[in-house]
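In the two complexes that follow, subunit A is the common piece, with subunit B as its partner first and subunit C second.
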Partner chain A sequence: MSTQVHANLTREQVEQISADLDEPEWLTETRVEALEALDDLDMPDVIRTPGRDWTNLHALDFETLVDPLNAAEDKDRVSDEGIEVLEWSEALAEHGDLVEEHFASVVDPEENYLTALSTALFSAGTVIYVPEGVDAEDVKIRTQMNSRSLFNYTLVVTEESSSVTILERQSTGDDVEGERYYSGIVEVVAGENSRVQYGALQNLDEETYNYTLKRGHADTYATVDWIEGNIGSRLTKSSVETYLKGDSSETKTVGAFFGHDDQHIDIAARVWHQGEHTTADLVTRGVLDDQARSVYEGVQDVGTDAWDTSSYQRENTLMLSDESEADASPKLIINNHDTEASHSATVGQVDAQDLFYMTSRGVHPQVAKNMLVEGFFVPVLDEVDVDELRDDLEELVAERLRE
Partner chain B sequence: MARLELSNLHAKVAEDDGEKILDGVDLEVFSGEIHALMGPNGSGKSTTAKVIAGHPAYEVTDGEVLLHLEEGDFGEDFEIAEDKRTWNLLELEPNERAALGIFLGFQYPAEIEGVTMTNFLRTALNAKLEEREELFEDDDAEDEAEEEDVGYETSPMEGNVDEGEVGVAEFQQLLQEKMEQLDMDSKFAQRYLNAGFSGGEKKQNEVLQAAILEPSIAVLDEIDSGLDIDRLQDVSKGINALRDEQGTGVLQITHYQRILDYVEPDHVHVMLDGKIAESGGPELAEKLEDEGYDWVREQVYETA
Partner chain C sequence: MSSDQDHLKQTDTEKRFEFKKEESSAFKAEKGLTEETIRVISEDKDEPQWMLDRRLRALKQFHEMPMPDDWPGAPDLSEVDVDEIVPYIRPDVETRGGVDDWNDLPDEIKDTFDKLGIPEAEKNALSGVGAQYESEVVYQNMQERWEEKGVIFCDMDKAVREHPEILKEYFMTKAVPPSDNKFAALHGAIWSGGSFVYVPEDTTVDMPVQAYFRMNSDGMGQFEHTLIIAEENSEVHYIEGCSAPKYSEFNLHSGGVEVFVKENAHVQYSTVQNWSKNTYNLNTKRAIAEENATMEWVSGSMGSKATMLYPSTILKGRGATDNHITIAFAGEGQNIDTGAKVYHNAPDTKSTIESKSISKDGGRTNYRGLVHISDGAENSSTSVECDALMFDNESTSDTMPYMEIQESKVDVAHEATVGKIGDEDVFYLQSRGLDDDDAKQMIVAGFIEPITEELPIEYAVELNRLIELEMEGSLG
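Let's look at the complex of A and B:
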């Protein structure tokens, strides 16, 4: 690993972050270990085509991006009856055992360089705990980033036969001169027969580099659904992943992105079928304008013991300009033949016949194009049953089209 | 009364060395008339339709497409200045042609996901009315009018500026009325434009759109293909209503005599190798049905 942050990042700083949050010793140690592992860790994998790394994470200048002791933010947490939505130090004080049991159980801090960096430095944390049998809705975590860098962590634990709908959103508040870095790790532990719907809407300013990893473990009969909306940031590297560990567990991932100017959006949707009778549905749609680029990787991995698997994946990218670029690679890995699966990806432009049909009825060409783009997102938006997320995403798309 | 005039129209596929398709088409359609345009495959019928509407895949190399209007063509209240009564359609964008009253019914209507019929049609109707205002605006008064527009937008009395001239409620009523006339299920209004429609439903929807947009001249490209007999009658009823109730001139492209039993044409034209080879009354269509196109071909090339 040649990229170094160590010049301005020390063990003392990490210990201070941990001490400020009143963290127990095990956690401080985990953070320090993650820091020390940085030297040996690689960047997360990116799509490569001959002669090209689509997302060059090595080019990120962490020296200037990371400001470890400043984590200014505005956070707004909205809870629901019967559950707990706690900020980090509070969660450690009230549910120390729960945090210790589940922290880093889904995402290994030392999985890659960026997860280790995030684990060492995170100061903004939230724990959502849903006790057995409780149904909760409208949980919201709104983060407004005011510092140069912000490391965010979210843990969701749902006990047996409970359910929760969560909306997390990131945006930028105060201006900071120069480039910025946002990093977020989300771990979801969905207990037996529980249901988690986790929606995210990222609308950071276009000076911000964004690394996000969201991963869930679904126990028997559990459902982990994701909605992943990306509108903002200068560069996004985001992966949404589910391990279907328990029999009859399910997941659905719905993704939408809209890149313009020279935004770079690298997203992945991944599922591992491990239990029997599991179902996955991965649907992503994205639009690119100007010189924006997108990279999509979809992985459906069917394990040896995953009998009776159903797994579907679709990705469509619509390009509005000749200068935009897109690469998509849907991957299907089948180790158990008792599988019904499909995967597809398309990259295309606005259909000239559709456009002519609409303009010949009197609709102005720009209006027709906007209607086609908004219509393109509809099948994805129809899958989103978090109203705030759907409405805001719709509005952001409409705004971007009319800039 | 509007009059569409094609004279000596030549067109080719818009690419280098693109195939020449139209080789001097002369044709005139008055509002209120029904014309049938027949001819074998590849003779240039669909291209004629697309060139009239402004399809970007074709390039006009010679000739003209003119639309002549008269005072009163857009209603009594709409003033058409004397110097704005003849329009060279080839200089206009497809949406501007639509604003002047040209409608193209597609042989293969586009399926547009995520855009409801209601939303699309109301947008089209309002866009047409707005564009028409702009096209006929007194050139000198233009600046003044623009200032006025700005004033409207800020006026609290105006309400939602996106609303357009025909509001949601008014449009719903209009749409429902027209759908009933065409015997269409009202659930179509909330469905996505042609998405998942059967062949017949799509064609019915084309006629519905013409009924809403009230064109001066409607060019219907094989509106009768893929229709069963019941649907053919519904569609025919719709086309007759365009002419009888709105005074629309219809240029109907068809392969079959069948629809002409229901929509009786005033004039029948036969197209051959990119030209009108023969014109006549309804009896011409019957002769074609019985004898095919060979005799037209022989006649044309013998005299040539």
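Let's look at the complex of A and C:
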């Protein structure tokens, strides 16, 4: 594949990044192995139907997008009492064993080409550690990208009966000539009876290509909830995933996106039911305007041993423009019959009757339409427990409607 | 219940399918697939050059195309080695294109179709019947009153000879080109038998026409081609039935079906497939519906080791409608991968897909479907509903719909559910005196009722009977 970058990447560059962060040998080795694996790895799976790939990652020119040694960012970390929110080198120094135990335990660095690239090159990272029994709120990580490329890594570990709410935001700062690339990997290890709520709001500029993989492992009685807002970027390929490993574990994913111009938003929500009595609820709503295109994949995979599973999925897309395209594939893969599973997906436009009603009450048609779009997001916004994220998402939607 | 239904009820359905006849054929091609094989088949059929040319072109495409083995969760086709199958067997029947009197058939073939109940059904409920044994149609007959109106129902070889202009235009050119997929290409190279149905303008064929396909020999492949053309304001219901006894070697069935539904016409295509559980059933079926036309696909997939079948409709004309109804039942060792494809290429088009699947004893069902709405297909609507019932923990049920929506003035809805057979329902029925098996059978019959309702009563009874057999675990 001519577009791949690794021909220009060297072991020395990777070792340099690792040395700058003062990393232990095992991690340097993991990075070098990931670099060497690039040759044999494929791009992340995309959906294919006869004659078309829903997202074409092979067209991306990684050679010009990736600038390994000049990563720059502004990071703002807000912590809460009793827990640790550490930058990468700090985490390695203070919790070396913890990091070694959990790093790459949820996302295999060599899962695909982009995870390996991310593992080899990440220079920005955060570790959040919540000790047993501690409840924390208002953890915030704001990342502003100021370089051609940025590889970001986040590890969340919650011990037994703890809980944490995390809000992550990505945006772009200093202008860089031309296009850029953001890659983020998030691993969540949720211990027994702990609860993680991880909200992310992506508002990168529309010159930026974005690859994100967020995945959690939920132990017995644990809950991993995700909120995933996608507003920015030129192209996003994002997957939010939970493995319900422990009995009675739960997950809820709430997604919202709003694409305009020629944005391409490819998002996935996936859950693997592995323990018994597990529950999943995946809810996504999106709006498309102009020539924007959305690709949605939902996967509810129920394993052979996942007795007494409940699994629900809903996806609704609203199309504001004839030039836009909405593709969706909600999948059920059921290997245990003791399951109650359902999914539904709809695509439509702003309801003509609603619009008529509002205009007949004297509301200007454009205002009425905007109100209906804002209203469309309400069912997912209602699910968002993090006030700041909900307010920001609402504001970004309103802003886009005003354009 | 009428006596016909009683008759069907009382027949031992299992015996009806599971019997074998001594192989006796007039011509049997060598195993394998080469240009030479194609030439021999074409020569044996005395075909015109243009058809041989199309076959050879399809063969070339077959060799160039990949196996459809990279689909998520698709059946394992590694056993399907086309060089191991016998592609063409001409049964020992003198009249090419089929006799029109059952009594003119050799005894063992006549006996086969008697056991399958085809002549009986012809008398009672059908406008015409075709019967294919191995690679050739051996019986073909239609009531005279339809012939008088210009309705054509004949075997495909005859159609190639007698209606070359129609065939040249429609045969694997518009609906199912050989380039569609590897098995469509294979079909294009070695197709044999099948039916040609032509319904003239303003003609309603009020009783269904039926074709029955029977494979008798071990290790053979059956590749019948069906071409249906329904002219403006016409209406026809075509039913196909399929079966084969079980052998140790694999059999391959790779049929091709092309349906042209002209302006304001209505075609229903119903299939009850009960291939033996060593059969790979890999078909390509496609309809093109013009303005205000209606296409209906009703499919029951009960048999086969592996089925890959996604009947598709291209809604080409404004106001065209497509309805899909499909039932899949996978028992032990079966992988039934089926679904529907609909392309909305014109405004005001409408489609509905209703799928019910049942998996049991380690069987695997997969709904795989595509709905595509093109830019400009304003005011189109589609509704997809998939329900799956699972009997036990060894079984698998997947649902993989794909939706591609390029038009905003649409109404698109997809819904799917999966669940086990309800303990409470079983308990309720048991408390009313039914035993466990009867209770489950009743629940399954209720589950698929929306589909059996759409079938002529004889087929609904047949389908229910097949399901009862599956539930007893007494088949295969």
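By definition in this document, the second predicted complex is superposed on the first by the 399 of 403 C-alpha atoms of A that agree within 3 Å, B and C clash if a C-alpha of one lies under 4 Å from a C-alpha of the other, contacts with A are read in each partner's own complex, and residues count from 1 in each chain.
Please note the rule applied: contacts are C-beta pairs under 8 Å (C-beta built on N, C-alpha and C of every residue); 3 or more make two chains touch, one makes a residue touch a chain.
These figures come from a predicted structure and were not determined experimentally.
Bringing the complexes onto one copy of subunit A puts subunit B beside subunit C with no clash. Residue contacts after overlaying the shared chain place A:Thr359 against subunit B, while subunit C stays out of touching range. Once the two complexes are overlaid on the shared chain, A:Val32 sits clear of subunit B and of subunit C alike. Once the two complexes are laid over each other on the shared chain, residue contacts for A:Ala72 go to neither subunit B nor subunit C.
By the touch criterion defined above, A:Val46 lies against neither subunit B nor subunit C after alignment on the C-alpha atoms of chain A. In the superposition on chain A, contact is made by A:Asp351 with subunit B only, not with subunit C.
The wider contact with subunit A, measured as residues touched, comes from C rather than the other of subunit B and subunit C. When both complexes are overlaid on chain A, the residue A:Glu374 reaches subunit B alone and has no touch with subunit C. In the superposition on chain A, A:Leu396 makes contact with neither subunit B nor subunit C. Think of it this way: put the two complexes on top of each other by chain A, and the tightest Cα contact between subunit B and subunit C is 11 Å. Annotation: subunit A has no residue touching subunit B in one complex and subunit C in the other.
Interface residues of subunit C, counted against subunit A in their complex, comprise 73, 370, 372, 375, 388, 390-393, 395-421. Residue ranges on subunit A touching subunit C, taken from their complex, read 47, 49-50, 52, 304, 317, 319-349.
Those residues of subunit B whose C-beta lies close enough to touch subunit A in the complex are 53-57, 93-95, 97-99, 103-104, 106, 109-110, 112-115, 119-121, 123-125, 127-128, 131, 192, 209, 213.
Residues 351-354, 356-365, 367, 371-372, 374-379 of subunit A are the ones touching subunit B in the complex.
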